[in-house]
Amino acid sequence: MTAADRTSALDALLLQAEVERFFSAEAELLDERRFEEWLDLLHDDIRYWMPIARNVRFNQPALEYTREHSEANWFDEGKDILRKRVQQIAGGDHWAEEPRSRTTHLVANVRIEGANGADVTAKSRFIVCAFRLEHDVDLFVGKRIDVLRRGDDGLKVLRRTIYLDQSVLLSRNLTTFF
Amino acid sequence: MRLADLIDNDAGTLSRESFSSEEIFRRELDRVFAPSWNFVGHTSQLARDGDFFLSRCGTEPVIVSRDERGAINVLLNSCRHRGMPPCRYDTGNATGFICSYHGWSYGLDGALNGVPKFKERYQGKLEREKWGLVRARVCVFHGSIWATFDERLPAFEDYLGTDMQFYLRALLQGPDGEDDGYEVIGGIVKWQVPCNWKFGAENFAGDHYHGYSHISVERLSVGLSGKTSRHNFAAVKTPRQAMSVADPRRGHTIRASVYKELAVYDAQEGASDEVNEYYRRCHEARQKRLGDKSRLMIHGGVIFPNTHFNSAGRTTIGLWLPLSAGRTEIWRWLFVPRNAPHAVKDTLREYYLRYAGPAGMVEQDDMENWTAAQRGAESLVGHRYPFNYQLAMGLSRRARAGEWLGDEVTITEDVAEHNQRAFYAHWANLVAGES
Amino acid sequence: MRLADLIDNDAGTLSRESFSSEEIFRRELDRVFAPSWNFVGHTSQLARDGDFFLSRCGTEPVIVSRDERGAINVLLNSCRHRGMPPCRYDTGNATGFICSYHGWSYGLDGALNGVPKFKERYQGKLEREKWGLVRARVCVFHGSIWATFDERLPAFEDYLGTDMQFYLRALLQGPDGEDDGYEVIGGIVKWQVPCNWKFGAENFAGDHYHGYSHISVERLSVGLSGKTSRHNFAAVKTPRQAMSVADPRRGHTIRASVYKELAVYDAQEGASDEVNEYYRRCHEARQKRLGDKSRLMIHGGVIFPNTHFNSAGRTTIGLWLPLSAGRTEIWRWLFVPRNAPHAVKDTLREYYLRYAGPAGMVEQDDMENWTAAQRGAESLVGHRYPFNYQLAMGLSRRARAGEWLGDEVTITEDVAEHNQRAFYAHWANLVAGES
Amino acid sequence: MTAADRTSALDALLLQAEVERFFSAEAELLDERRFEEWLDLLHDDIRYWMPIARNVRFNQPALEYTREHSEANWFDEGKDILRKRVQQIAGGDHWAEEPRSRTTHLVANVRIEGANGADVTAKSRFIVCAFRLEHDVDLFVGKRIDVLRRGDDGLKVLRRTIYLDQSVLLSRNLTTFF
Amino acid sequence: MRLADLIDNDAGTLSRESFSSEEIFRRELDRVFAPSWNFVGHTSQLARDGDFFLSRCGTEPVIVSRDERGAINVLLNSCRHRGMPPCRYDTGNATGFICSYHGWSYGLDGALNGVPKFKERYQGKLEREKWGLVRARVCVFHGSIWATFDERLPAFEDYLGTDMQFYLRALLQGPDGEDDGYEVIGGIVKWQVPCNWKFGAENFAGDHYHGYSHISVERLSVGLSGKTSRHNFAAVKTPRQAMSVADPRRGHTIRASVYKELAVYDAQEGASDEVNEYYRRCHEARQKRLGDKSRLMIHGGVIFPNTHFNSAGRTTIGLWLPLSAGRTEIWRWLFVPRNAPHAVKDTLREYYLRYAGPAGMVEQDDMENWTAAQRGAESLVGHRYPFNYQLAMGLSRRARAGEWLGDEVTITEDVAEHNQRAFYAHWANLVAGES
Amino acid sequence: MTAADRTSALDALLLQAEVERFFSAEAELLDERRFEEWLDLLHDDIRYWMPIARNVRFNQPALEYTREHSEANWFDEGKDILRKRVQQIAGGDHWAEEPRSRTTHLVANVRIEGANGADVTAKSRFIVCAFRLEHDVDLFVGKRIDVLRRGDDGLKVLRRTIYLDQSVLLSRNLTTFF
């Protein structure tokens, strides 16, 4: 390929690596329970949305996931609520997380779908395992679409859409972040 | 253990095996759930003819459908040929249901309309009219849909009783006091909890006492008033009296408060000006419409055995579906005022999502505690030490006859386990009594 | 429920609890599976002395081995000392089996040959000849290997009955009509389905009626003829008569067709010239060898209780191994004509893989429907509404005595639930009858 | 390292990134049920093979997986059959996938083993989760070896070998692609 | 099966259902575990007042705490109100335990100290002193802590019996023969095995016979002597006599050896000079302190029913916690000499980690075999073929009265299933006998 | 960015790719049971440590994992013991691995935390699935911190810390390497 192609190909690589590093570092903050620092990775205007999956006829895909801003969702909120969740866990009196769960956030298949201006859109797959107390195990599996916005202090999550594959949640709680 | 020892109403104690014994669980299915009316959904989920959704009637999978004549049907979702569910979509619009196994087809009302090879090979042997989907008895009460497969059970209104009709109707009134004032928002929240279904029942029935479960969220402000605490009404200055209301003969229970005087609107839903204004107007309309009765604020309750509702600014209805003694599936319907502006509906919706269910900052701690308490119910040594329901024992009384609080019900003011005792007394009669 | 009410042969109905009750399941293990002959494998899997493979005899894990004298042994795979399975390899060649727990060693015939410290510490107390691996009774029938641990059961031939000997022998004849004409291809397909084992039994016994399950694959061409449809014989123009054949006294059943005249070869296996030519030659050889009887085409059937076979262009044998009322493990052996060229074997193999098992485009929809139907069998309200087996009731008859279709069996022509009724009538006798 | 080494190292990186992007994009097509488009990623001569695992003596590894072209396998087919599977699902009448399962294909440990001429051989690990209806969960775990052939329209899968770790399949069906 | 047929002491056989029947399992909980003393931990885990850790007493979750007065308490970890465990930390230091459900608070001794709204709403109805955490009976024996919730059970010393007091005391003596010579290292190893708990019991009781399980590790050198083999004492040249010691009336068992003369120190712990020197000194100190009795080397044993210990260079105590007939949770405490230098403690620790537990090169093969043997215990045909315990039958004898080996116990020298027979004879009396 | 920045960014990429390739190749050796070759990837002075997780009060994180060199751990050993484990499996008489388990080692979220001199520190997440015999399935999930030392023959694992999320191990054995 031409030198120019090569350069832009390498630029794409650098961006890919930056995004993957961002997601890995984010996962570490969550698994190490450094939730305050995690909040700093979220844009102040973040929309954090996890719809509920429904079983519908093959030709009605639009019905499959509950709609943002109008239907019931697992999560459909902004940074204010996310901050409250962090404050709740921090106190050691949020019994659903006291003692703390041991979580592993695994992010894979990161693919940058596009970048325009300051924003990068990335698709990924996740497996989040949460172990707590002696025997409890929860497994959360699905897909994520992130819009990352670049600012003076690097990338921030501007929008996160989380598609959880479960319909009836087989766990009692969703106390972990995705 | 002897069933007669399950409960000691005088001592105010209940055996832990009530929560952990699979044998008692099987009796519950037979004696508590089978002969009961169950909430299965709301008319706002069936806007057009042909609309349907899947639900549960106790343990039973059902289709709730609206047919060509606009009638609402509750059908056992199981083909009469080999049991296959003819409907496998959570929701949709259809003209009928075709079973994917051998192709028997049913109408929206459950009628068996089509049978492959009917003429050639059944030759009149198959009485088609007798082999439609099993139809439940249905009652629509101020927009809520109720069903049972028990033919001998009294009508739903009698099952509720006069007083509970009043309370359930009140629950379904919009913030302005108008009947059937709510609609369901799309998406039923469904999840499972590894605990016995009655931990939920007694919590919704009248557990004013578990504040300690929620100290983490009480530190924060999650309500609409902007005030610290999880409840909107925490902002209201008008003094009120908490009370537990129970129908001992039927097992239904209500958590409520009564304001000592007509309450002033204190912006308890003051999340934004628009929302604030809406609720202020509703508040006034409600006082005008209901007068003295507007002093009543229902917090929630249980229609026996497992239909739970919340109110007091969060109108939700939940089903606690028994899977086993130690596991329960919960379905939760979220309601918003039918005529409210979008901003109000959306504000309420966000409040529900951060409050209730597995992602709810409040109910997460309930779920954790119920799950842990279930382990205690399973302790073998523990079986020698019953649970304690003595809170405010001996302080209940018949509601003042003739007064609008009802005269079939009994009441305890302030924090109490009055409703739990009433719930379990009725429950134990069914489980342990002659059948 | 009362066991006497499990089945109503006159009404043509069967209780749903037959599929969902763990109590009935335990009776089945005792009264249906223990006293039965089971297919455990095929002689082509044991080419050399010392060859062995693991299998199941009903619920029991067994070693099938060929010993130094060429004899075939079916041994309970459980050490007599503490129960450890002395063989943990699915297949291989060995001189014997050493238990990895304390090192007792057994011969290919199960004899206890070696016991550490035998002389010093057992001092004649241990009667070694009495402590070999438990040996099953074995019968080799035209290459197929059958076993039982029941000493009182009649010989396999009597268990089959005269007519079923004819049908099973026919099944094992190659496409050219020669006896024992098939060999197993390597790799037994094993998987689990969350449904009762009898959903498989009644399907293989005679469910000509569930075409609707397979409309998706019928749209496509997956058979060898290149014609649309899943079956090769769909390409044959010679008119034929479907029929269900059952031995009511033993519970065995056959799905079959009889061509109204000697069938013409219509390239139903015409995947390629080579394959086509092979089958054309076999077709003619078969007609020459079997004459009028070559009009018979076996689709499949069930040797009571849980040995299933398919034929009619797909020769496979399956075991439905009961794990619980609601869960079954399936093992499937795939057969190809022993003397066919590789191209034929490979073509058949690919046809099987796209047709059968969890990756089979056809059987996937069966598995899905059986799994969903199991939920219907578990419905508590459903227990008041039995399954329907009325298809073509009252149309069965004794096979024409003396004719080659057999005279112990009963037959219904065309689509019917004749075989299911016969299967369940016999099953109910065993489960509910005096023992 | 020398400039030349560096250049070839960067070339290797570009190839690695291209292959990972290919697998991620493929996984998205499958999870988004864009099966027709997925077929376009397969070479017309693809061999798609998933053997059955057997438990055998440690010194007989050759027996562990059933052989291609001669023994029973979970899958052992070409594009014609794969296309039929896609057509079957597309109709909305393939009950095992109606309503559709919700799948997540997670591909990791992608390592390029070699490239000769137009062909690139890549090893990877996969976890495929399939959720369907209210409560059903299937987990498929194993390894993949892909041979990708480069043509005018980019990379295509020429050969895919899938080693599933299960011996007895604990699921009722294999209606997803790997 | 008839319970009377569970065991045949004369034939030396035991029914496989003893390991697989859930009915027998339920009887075990009631008749074997409930009336037993259980090891729950060690005083070295409670260095300071307020220290606590979670443990199990048979099936029961308990808190083991040291209170303000230095007393050790074993408390059922279940709130008396609704059963919630008031302690959810595996270990820590606290002044008491607050239940997170409704906030009842308990002292380190289990006393119910705080009840929200106690005065206002319980109004004397709640007798607080009667509603503390359930306290177990506790006995501290040479540093080990034992507990039971059975009030009628004899004192721990009588439960042990005179001879077993001697053996258990000896086990807890440091390598220099000093009483209570060990301390627990941090971290209890916990894991689950899908087999019946008695496979562990009989292994620890006296399975000298399963060497074949460990041939892989015997090829290597994992002991401290550097010699091939897994055992340190393999390096000792002084001849010794293996023996099985059992208390038939109580079910306790010991695996031991007796050196034919006072053993020479053969650097069996010679991992390094420092370790070697330490053990040489201890060896001499022990012989001086114990004299002739120092010829005894305890390998391990079982305090009936499920407290297992290892010795002979690896001092560990394990609990086999019954979850179901087919599943067991194991907790393992690892001990090091209290006064040894760090190098010795660390060397021992590493030896334990590579030897024991799920990552232990030795015990991995035990776990695998027990798991596989469980499948054999579940075989239905197998239920007709009991397990064999005939090894060295008829060779046991009463210990020489008056001699220090004890006179309540019976002994078999060399490899034997003597202890297993004694264990099961006592077990069968409890399970099948009159209660 | 400046040419210098770009160069060092690309260098970082090359290192990232090298480490990921190293982990992928290592996982393949384990899953293909080439344990002798796997040992060659370990530094002679390797410390291989997997602590046991405890449930403790939120403000006592130091108590959460058992300490190295002094408390009970799942693994806390050097190359000598690891070699013995390999020798044990090799014989075909280590019943817990005979017949062999079928394992899949999945490593993700690889993030290089720092490099000083010859040593590179990388954090990652793992899912290890082990299937054996007909029906047994074990799932191990957690985090890894590796210190890789570069020598003449490339990178070697000098130190591996494995945080398993389970507290009570729900499996009977830990016969696989992490």
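By letter and in written order, the chains are A, B, C, D, E and F; residue numbering begins at 1 in each of them.
What we mean here is this: a residue touches a chain if its C-beta (ideal position, glycine included) is under 8 Å from a C-beta of that chain, and two chains touch if they have at least 3 such contacts.
The model shown is predicted, which means the values in this text are computed figures rather than measured ones.
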Label-sorted list of chains bordering both chain B and chain D is A, C
Under the touch definition above, the chains in contact with both chain A and chain C are B, D, E, F
In terms of mean CA position, the chain most removed from chain D is E
So the chain most remote from chain A by C-alpha centre is C
Per the C-alpha centroid definition, the whole-Å distance linking chain E and chain F comes out as 33
Cα centroid separation, chain B vs chain E, in Å, comes to 49
Listed in rising order, chain F residues that touch 2 or more other chains are 10, 13, 55-57, 95, 98-99, 106, 108, 127, 133-134, 167-168, 170
For chain E, residue numbers touching 2 or more other chains are 88-89, 100, 190, 213, 365, 368-369
Checked against the stated definition, the touching pairs are A-B, A-D, A-E, A-F, B-C, B-D, B-E, C-D, C-E, C-F, D-F, E-F
Within their complex, chain E touches chain F through residues 88-92, 185-194, 213, 215-217, 219-222, 329, 334, 345-346, 349-350, 352-354, 357-359, 361, 364-365, 367-369, 371
Within their complex, chain A touches chain D through residues 6, 9-10, 12-13, 16, 53, 55-59, 106, 108-111, 123, 125, 127, 141-143, 163, 165-168, 170
In the complex, the residues of chain D that touch chain C are 50-52, 54-57, 60, 63, 66-67, 69-77, 81, 84-85, 87-88, 91, 93-96, 167-175
Note: in the complex, chain D contacts chain B through residues 95, 98-99, 133-134
Listed in rising order, chain F residues that touch chain D in their complex are 10, 13-14, 17, 21, 23-25, 27-28, 31, 92, 98-100, 102-108, 127, 129, 131-135, 137
